[in-house]
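To start, I am sharing the structure in question, which I have written as structure tokens.
Chain IDs A, B, C, D and E follow the sequence of writing; residue 1 opens each chain.
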């Protein structure tokens, strides 16, 4: 089991919409194109559901970069583009307040077949995090004791 | 949550697709030690009957009440496993699917440890989410047993007829003034040699006489709302401009001529016109795009025609998109097209022959033709960096499928009608793949057609001959079959076998929210699992809107589309996924922020309730109108609202699981 | 160099045979299955291709068709049924017509009327000559040399031989020009013609390249032997009648052990056997090479058979002592011999007997010239 | 699944009839079984101590390599032999440890 | 005799038959699906991965197999063969023979104890004879139904299986049973076979041990394959140089097959890509006449293969012989260079074509010239055979790939559904088109 103990330096959380980025990530997989493995993609219906506090909380728990991959104006949801942009701006304000590099949170429009843009975003974020280091350098992660014994 | 979660975790090898990279056994072992996990297994192929039975057995025997599966993309097999857990008596939404193939093993094939590590985190996130899963009930809606078919070509007609024959009502919408689409422009069709227009008119007769089909001609779809089972459609029908009484007379009296696009502008027609004898409807129509507004003499009176467009609204359960293709139009100068009068497209030649049916010899541009050069793959199989870009900056890198057989079919026709022609066929690969198609290749060879194989990176050149040459144009090509010998072919006519292009239907694509593939044709969900369905529920593809096809293939696709429509609407009910907003009334204090944020009419509203004798305002969701976008979720100050199945709490748990160090996980063993 | 595509060539060649020049879709099966093909001569497909694109000059200057012995493997395995073997046959006919400056060969191959007609005319001429100019007819015993004095016949033989030599030489010179001069830049040293001449002799005598396609195919090997025997028979006869007629055409009947008799018997037997075999094969069409017999393929074996049979009859009548029957059959015999030798040898199918070894000979010279040039190159570079 | 109707004959009678009907194939199969047992013994003996490639085993036992491979594939499937690394382009096979 | 009444009978449980049955079942029709093998899945379940998406084949097939087995409207009859079709015009009586499994299907649990006990090993037809199983076995790991079948031709009648079976399912008293199905419509999805490898003597007529057919290569590439890896069957060597001979069973008059089999170009390219993945050092060469990658996304697939280094050589392979070590030697003209070469490979795959699988006479149908079902009006109703009420789906109607098979299967379902409605008095709520 020792090989599992290697710690990837950084963790990138990718919140990707089912109608956009998540399908784009699947398309990338179907093309068998490699990208860094410290990327954790969670499907979302529409990113407009995340309040800014959610992102701050994620950084505090030790996520070093967050990519929001949405469909933007092509989304089946009317509010996705404008609503998400608004939330992201609010999040940037909060991040600045707490001294978190705002480049750690990025919004990208990825379509269902956007293989190249997907790879570009992932690789850019990976390179960025290599440069600026883990989020723990900026805030103390609150990896709460409670977590290890989640209900 | 009433019962204690008992989670079953399954890591699929996917027949090696996952296990070649991810150490599935290790993943399973780590998962087995997670809290609440009662069983963690691996399987070679979880979607197989045996794999599914295993899950069912665990639910029944071990009392598993939450299922987490790490396998291929959820888009492929989420429905499969939902059915599995249902069979075992579990609510289908007590199951969570983690994509370990497209998003892990296939993209980290050089990094087995990293991929395994990632799988462990994603799976534990899945387990974390599973703890928060609640049973959900799908939203059942009455479905309108009526379908909309967009496009009156062969695919649309066939699709409409098949749907109607299976008992549903159909509205068929055609934008142009006549039914039949591109097929009407063909003469004989391969491989049977039947007349295209006769086949079409038989089909059109069946469609227009069908009691359950309504046909709207000269009609555009201008608005789409709603969802599967209940799409609201706004139509705009243009006026025909003439009546049954005055149609022929007006057409006769009309003096304005415009190029006839039905004949690819080789001929002219009046602005009040019928494209061909035997067209449907037989009544002439006014070409509003070109009509100059001048008056037309009718029985001594001057008449000015006016387009009295009429809007319609209707409700349909499903939409079939059969909008067809556009023939590729070469750029000016591409193989001399548009610059040399002796260069034409295959489609143009078909129309040319159709308008001169009695011609004893082939004449083009006033000259008798003796030597014809056919060029394959014009606008198809283009190579990035070699061929000129299309308007949208892409190249048509796909094969258009029909041009090879169509070209060879044309060669046979030419040889039959004009014996003695010398025909030269410039190709890359002859793709006569269909049943009976290879016969056309053989026939073209037997009749003396000279085939020259060119390389896609070195396309032939068409140039004007020098003064005094025996022929007006010369084609230069390097022949791979003679070891790249440079050939010069003198020609009287160069025919470009142009391929198919996606149709310019951007407005419709936007309204329907369907996606396009890399080739810009409309995209199906999966070529094998759901080959004619789009990612939008209730929007089905038929024919060449999806990609190049010949008539036979269009008909098959149209019938397959009909089968999907009937499966969907036949019962009169559709089920929607229950992923809509839900309010926790206990936490809601009626601020109304959610109502403000919501963009969907009738989806959420404040209602006055009596609570403990006090009147309070509480948000209430109307599920059928809610899109599940969650705009309300992020604005609620009390976290009183969530999208069912996608709650914030679940995401937070998932983030925590991902953030947790693997060392901890290993220690936790 | 750009070739201007000439569509007429294919049509022209179709007059020379049934091969499916246009059925071919250039898969290359024929070339790969062919036991004779080589890097320098990758036929038959290259020939078919040249015909398809109208490379008339290139075909005229190529020796490839002569390197094919029509074993039929290509036609048997052609996925398109295009008969490449028959195509090579047609090309040989066309080439023969090209080499022949008189235009007779072309007439013979493209018109049956011409071919048969000229044979008949020449045969009748012989008969008329015999009718009007014959010597005294002795009827009480067989005296052929009185009826047709051997000196006279021998002189006629020499005249005919001169005629043959003239036409064959001039045609061969044209062949040489097409193959070794036209479109060939480098000069080939005369010395090579001499040093390589033994190839011509060996190939003429043995047709040994033919044996190459028979590896492991017993049936075909037999074909080559049969052909060899046939060739030995008529070459023997030709030598006898041109050079030793006086020794051969005698009224005295030699004893059975005399070489004059058994040389004659040997030649007769192999000729009957060879010609009959060729004819039966063509009737049955069992072998691939016989499936598409052109009229010109029939005429030579038929003439040969008739000539041999009339020869046999004539001798039989002589032995039986039937003077008139002997004389008449002799005239008929000559009426068939003359067109066979005068028309078939320089202009007809028979010509392949010298075109083939010549082609092999030219190929050798070319190959040697190339080797010499290669050896010479580094020296020149210094 | 269509229920297959059970014949009225008893099991014993039926077996007897099957034996009569399939006498030839039973006999052939018995020979085949003897052959298979022999090959199994020899192959297992050959690779008990040392892992070998297919051509090596074939050479040793005087069998066609294709047949050896077929047997090995079968033994592998039922757990009698295991793969143990490669020798050049050939995988090595070794007898599995007895359980 | 048992008699069953259904709306539609689907013959053949391959991908086309399953799709037709599912589409008809989803529309509420009672469907009988008859499959001659002991498991549904057809040829497709034996494949490794599918073009052009390269996703695993069983991931597409097994759920459909599972779905037909569990569908409430579908009755599945495996190991059954259609004997005769009587009747016409929507009133067909089909007699079907249930072949004896010698295992009671109702109680067998698929535990495989019998299989492990059985002493005799036989070539596995699932692995094209290159793998093995026992005389009694569950045909393959993902078989549906998961029930054992006993091969009487290889049975010693030793009774070991009978003793070991925990539920007493082994039953030597079974005999072939005939039953009848009354149906309104019939959909033929009887599939294809590969062209006979022994027909082309220039290619060794199937006698060269390192010249294989593409379905064998599919098994080598599949994770459940006979060797668990790609080895050549002649001597178990991991091949480094592999050749594909295109049109080895199509477009060849000498075989009597002049048509194009449509799938061979794509499967050869797909297998080349998979081989490159499984054996990174392998070099694959494809000898072809025309590359026919005409489907959606196929041309890109071809270009990707080229970019990956798969070598495409134009030329019809004339002959394949083997050297003294059984390495196949391919003789071919490089038609773009005008040179004949002989190249030695470790392994040669013949890209065989498709011919009709099951004879059509039982269904009262005449084959067309190419041997497949005659479809008189392909440009109007490409699913209709010469017998009204009998429709065709998938490769029984001509060579085609999986995508096309699935589309034709849905189309046949649509046609059958309309036909059933026109023949039975299904009360259709007649109605005018509703619009406001």
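The definition used in the following text is that contacts are C-beta pairs under 8 Å (C-beta built on N, C-alpha and C of every residue); 3 or more make two chains touch, one makes a residue touch a chain.
Keep in mind that what you see is a predicted model, and the values were worked out from it rather than measured.
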| item | value |
| --- | --- |
| Chain labels contacting chain B and also chain D | E |
| Contact-richer chain pair [C-E vs A-E] | C-E |
| Greatest separation from chain E - chain, by CA centre | C |
| Taking each chain's C-alpha mean as its centre, the one farthest from chain B | C |
| Chain centroid nearest the full-protein CA centroid | E |
| Inter-centroid spacing, chain D versus chain A (mean Cα positions, whole Å) | 55 |
| Between chain D and chain E, centroid-to-centroid distance (C-alpha), Å | 27 |
| Computed distance of Cα centres, chain C from chain B, in Å | 68 |
| Shared-contact residues (touching 2 or more other chains) in chain A | 30, 32 |
| Residues of chain C engaged with two or more neighbouring chains | 25-26, 46, 80 |
| Shared interface positions of chain D, touching two or more other chains | none |
| Pairs of chains, among all present, that meet the touch criterion | A-B, A-E, B-C, B-E, C-E, D-E |
| Chain A - residues contacting chain E, complex | 30, 32 |
| Residues of chain E defined as touching chain C within the complex | 202, 247, 251-254, 289, 314-319, 331-335, 338-340 |
| Chain C residues touching chain B - in the complex, by the definition given at the top | 1-5, 7, 10-11, 20, 22-26, 46, 49-50, 52-53, 55, 80 |
| Chain B-touching residues of chain A, taken from the complex the two chains share | 1, 3-8, 11, 13, 19, 23, 25-30, 32-46, 48-51, 54, 57-58, 61-63, 74, 76-80, 83, 87, 111-113, 141, 143, 147-151 |
| Of chain E, residues touching chain D in the complex | 2, 76-78, 80, 98, 100-101, 104-106, 116, 119-121, 123, 130-133, 135, 145, 147, 152-157, 159, 171-175, 177, 179, 209, 226-229, 231, 233-240, 346 |
